[in-house]
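Structure record follows, encoded as structure tokens.
By letter and in written order, the chains are A, B and C; residue numbering begins at 1 in each of them.
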Amino acid sequence: MTDVVVKQEATDAVDLESRIIELCQQFPHGITDQVIQNDMPQLEPQQRAMAINRLLSTGRLDLLRSNAGLLYRLKDAQAASKVKGADNQEKLVYQIIEDAGNKGIWSRDIRYKSNLPLTEINKILKSLESKKLIKAVKSVAASKKKVYMLYNIEPDRSVTGGAWYSDQDFEAEFVEILNQQCCKFLQQKADAAQESKQGPLLQRNSSYASSHEVWKYICELGISKVELSMEDVETILNTLIYDGKVERTILSAKEGTVGCVDGYIKLFRAINPLVPPTGLVRTPCGVCPIFHECHEGGDISPETCVYMTEWMAF
Amino acid sequence: MAGRGRGRGQMTFNIEAIGFAKGEALPPPTLQPPPLFPPLEYRPLPLLTGEETDYLLALKQELRGAMKNLPYFIKPAERKKDIERYSDKYQSKGPADNAIDWAPDWRLLPRELRIQVRKATKAKKAVVKTQVPKPEKSKKASESENLEMLKNLETLEQKEQQAPSDEDGAEEEEKEEGEEAEEEVLDEEEFEEETDYVMSYFENGEDFGGDSDDHMDEAVY
Amino acid sequence: MCVSSPRTEFAVNHQPATMTAVETRLCELLLREHFGELVSRAGTHLVHMGPQPLRLVALGTGLNLDQVKKALCVLLQHGMASFKTGKRGVSGPTWVEYTADCAAMLRMLRYTRYVYCAKTLYGDAGELLIEETLQHGQLTMSAAVRRVADRMASTADEGKTVEYSDVAAAFTNLVNTHFLQRCLSGKEEGESEGARPEAAPMLVSNEKDMYTVPKIPLIGHGKRRLSADSDDLDAHPAKKRKVEESLPDDGIYWRVNFERFHQHFHNQAIVSAVASKMDKTAGEIVRTMLRMSELTTPPNAAFTQLLASTEIFRSLPPEYGMTKPVLDQYLSLLADDPMEFVTKSGESGGGTFIVNLLKSLKTMARCTLESIVQERFGSRAARIFRLLLQKRHLEQKQVEDFAMIPAKEAKEMLYTMVSQNFVTLQEIPKAADYAPARTFYLYTVNVEQTARFILQRCYKTVTNLIARRHHETKENKRLLEKAQRIEAILASVQASGADEAQLQEIEEMITATERQQLENLKRTVNKLDKSEMQVDETVFLLETFLQASRPQ
């Protein structure tokens, strides 16, 4: 740690950042906090921390851990220098991954494209990953399948699962809330239609809402942090169909009509169940988890059943 | 096996295999076996209620009582009793195996099934007669005679089942007796009054499982 | 006694399938409850063993011959068994073999529903006529009318008479609408003039007269029985014979046409489903359509006859006050609805429509299964179940994506539903080696299989409910006996004009705790009885569905 230049006037934040980057460029292997301190001794620790945080969060600096402590290193410079130093095979793989863009690429496909043996590719991938040139992203489309893409690229929805995933974790609660909101919207629409006392045909027709309408309603609710597409909302509406609460009709429509996709409009409406819960589930035996262990004269038997006892007392 | 003699001697298997890291605290030993009836995750829905349900319930319980009093309800022939009971002589004569209490249309049944249709039994006429004065006794029962009354309970119960509820019935019976003497008839009191089953909804638990050691007709609530 | 393969001459077995242990056990309990121990033993034996001659039943049950005869008479009288004759060799002895009708036995579960249904359709007379017919298995018209008139007279207001002719009218209605039908009858005498009498009569059904009421004079009115009725004719079998043989309809027996009731229940279920899905008016329109075709559509038909909208309009009860345009709107809505209960089949007569009986049954059965999954495993599992029903085959990953349920949860639910037979897992190997890594695992729902499974669960449930009822009664046997006796004392003491103090003293022999206990018992028994009937609704729907799905 030599060559310490003392600069008195570097207090402006922008200057401060560019000075840190300058320092990093001088030491491509990275600088410690001490280097910056020595470079700008008059700097308040707070100012220094803020500047570094900003640089880290904007992706211009990397934070590395070395036996000398924490190191700050320039991202691009380091990448460029690493790839420069890498052999041709590494360059080839890097190129293939770069071409795959935000969808990423599966290691087996890298093998087909590069014609390198899989063991070799795995080695290269590891090395590129450790240099933070690329990253592996778990694809939600196929569990346990990792795809590779450049380190600073935002993965595509098809990889991350879109609106329903955060960090590859499925946001079940979010989906449930949307499911309920969509249902509420359609139910209100159906209720209003029923109260309108129109003829039966009109009544039914006015109970329908197009996927566009539902989408608009959900967007305006502002419950979603991420931007939802109409397709996203249709996915939610489909779960309502599987819940038996909603019915779908597809109409052909003129291209250009609001909510029209490929000449069709999807209409949804809330429906009542066809049959009430059946008699069996009104008895303890209908919901009994140990039904198959129940035998006359056994420890679990109709005579000794505590579910029945409890149920009869109620 | 491999586990023996190592740090955790009581383990006969490698605990890491079931997901515990070395040195990690194991869950406390379970002191109780898993419950025979684990808590219910979902409860049964409430039963349907309402007028229709209530009517159906009444119908069902009536029908059950009524079936028991029809001649198709065959009570097994009495077994040899170890004890002679006081009530025995008031019991309508035990249903005999060799006769049927109703009149099937034999024209519609295989010949081999033809079985004697029950003949009138004089014994039962006697029952009716001897029972008529009985209520007098209990009428006189006073406070101090409670004990005696309880003793008579069983008798009375039998009487309830067999004696006609009004004297007219008994008179008719007697009037008819002469005419019927030669006929193959069965006394009317063999079967309980229809009104009884209207009220009865409990049946004899012992019908279940087939152990009819002590025969009690369905309780009248 | 010859026991060597009596089966040989009776190759044809009526039973559609062998009965399961659960069904056999339920038959046993129901028989015992309705006909006592003896009939139960003989009946269960026949269910278990299949067709057997008299002596084998005796041998198998350990009952003596007379007991078995009595039991078989009861079963035959109530249509719960049938007999068949066969000859061993050309000149060999004739055998009579008895076959249990398990389905008929299980129908005892539904007796109250038949009775109640008759009440709603034909009032008190209808109710009692069906009840009497069920209790006796079969009755002549004159006997049924007399019994019912007498019963009605004993509950009627003082001074009011119940005319036979009124009851006979209800009887005729029940026959005309096929709720009652003629039993098989013996061949006319003279037809079977042989050297010696046949071992068993040839029973024939007379299609022509199946629903023809005999013209008999039924004049008189019900007699109030002062000594509460003890069915005097039953008690005097010989007298009964004499009386009945002298009646012009002697030998013409009637029985309940269960199929017709089932058709009616099925129709009712369609009406309520339509009313629930659309609205009451739509339900009533479908009710009218079903009523129009009821008697012309065989009970197991897949759909009704063609119904023109003009005809439907004419048949609508005027009190609905519906206009033709509104009816037409409803009809097109019905035909348009994805549940497809109604289909438009043509344009003539302002449009012709049919009600899809089979389709509706399948849909309702499916919905029933869905509701069971919902209540048993929760709404998320129900979502998966419906999804599988709609998409037929799905891989686990697809299930997660469509249902939008996290992988772990979906996996657990699928596993539970597979283990409980609601969902099946199909393995489709991509390679001949069946290696797991190269195998598709597809989840699917087999509705029929699941329905069959649930039906068994229902039978077992009813068995359990009955068992528990017997248990509760038995537990309180002493108390019940006591209560019964005290009631008896009270009655007799009251009749002899005892004073209040005496009565109260007797009443107090049952303590407050005991009274509470009796109250609890009553509530318990009521609850168990109600459940039994409500489970039967599931049983009915699934039985009917499975019967209709069976390849013809």
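Basically, contacts are C-beta pairs under 8 Å (C-beta built on N, C-alpha and C of every residue); 3 or more make two chains touch, one makes a residue touch a chain.
Just so it is clear, the structure is predicted and the values come from calculations on it, not from any experiment.
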Would you kindly say which chain has the C-alpha centre located farthest from the C-alpha centre of subunit B? A
Tell me the chain pair with the top count of C-beta pairs in contact. B-C
Averaging C-alpha coordinates per chain, one finds the centres of subunit A and subunit C separated by a number of Å equal to 55
Distance-wise, how many Å sit between the C-alpha centres of subunit A and subunit B, to the nearest whole number? 66
Inter-centroid spacing, subunit C versus subunit B (mean Cα positions, whole Å): 24
Residues of subunit A touching 2+ other chains? 277, 279, 281-283, 286-287, 305, 311
Could you say which residues in subunit C touch two or more other chains, in rising order? 375-376, 467, 471, 527, 531, 533-534
Shared interface positions of subunit B, touching two or more other chains: 41-42, 44-45, 47-48
Please name which positions on subunit B make contact with subunit C in the complex. 41-42, 44-45, 47-48, 52-53, 55-57, 59-61, 63-64, 66-68, 70-77, 97-98, 100-105, 107-115, 117-118, 135-136, 138-139, 141-143, 146, 149, 153-154, 156-157, 159-160, 164-166, 168-169, 180, 183-196, 201-210, 212, 216, 219-221
The subunit C residues in contact with subunit B across the complex are 29, 32-39, 54, 64, 66-67, 69-74, 76-78, 83, 85, 96, 111-113, 115-116, 131, 134-137, 151, 154, 183-186, 197-201, 203, 225-232, 234-241, 251, 253, 375-378, 466-467, 470-475, 477, 480-481, 483-489, 491-493, 495-496, 498, 502, 505, 509, 518, 521-522, 525-527, 529-534
Which residues of subunit A touch subunit B in their complex? 277, 279, 281-284, 286-290, 299-300, 305-307, 311
Per the touch rule, the subunit A residues reaching subunit C in their complex are 142-143, 164, 170, 172, 175, 179, 199-201, 204, 235-236, 238-239, 241-244, 247, 249, 271-283, 285-287, 291, 294, 296, 301-303, 305, 308, 311-312
List the residues on subunit C that touch subunit A in their complex, please. 269, 272-273, 276-279, 281-282, 326, 329-330, 332-333, 338-339, 363-364, 367-368, 370-372, 374-376, 379, 382-384, 386-387, 390, 397, 400, 402-407, 409, 454, 457-458, 460-461, 463-465, 467-468, 471, 523-524, 527-528, 531, 533-538, 541
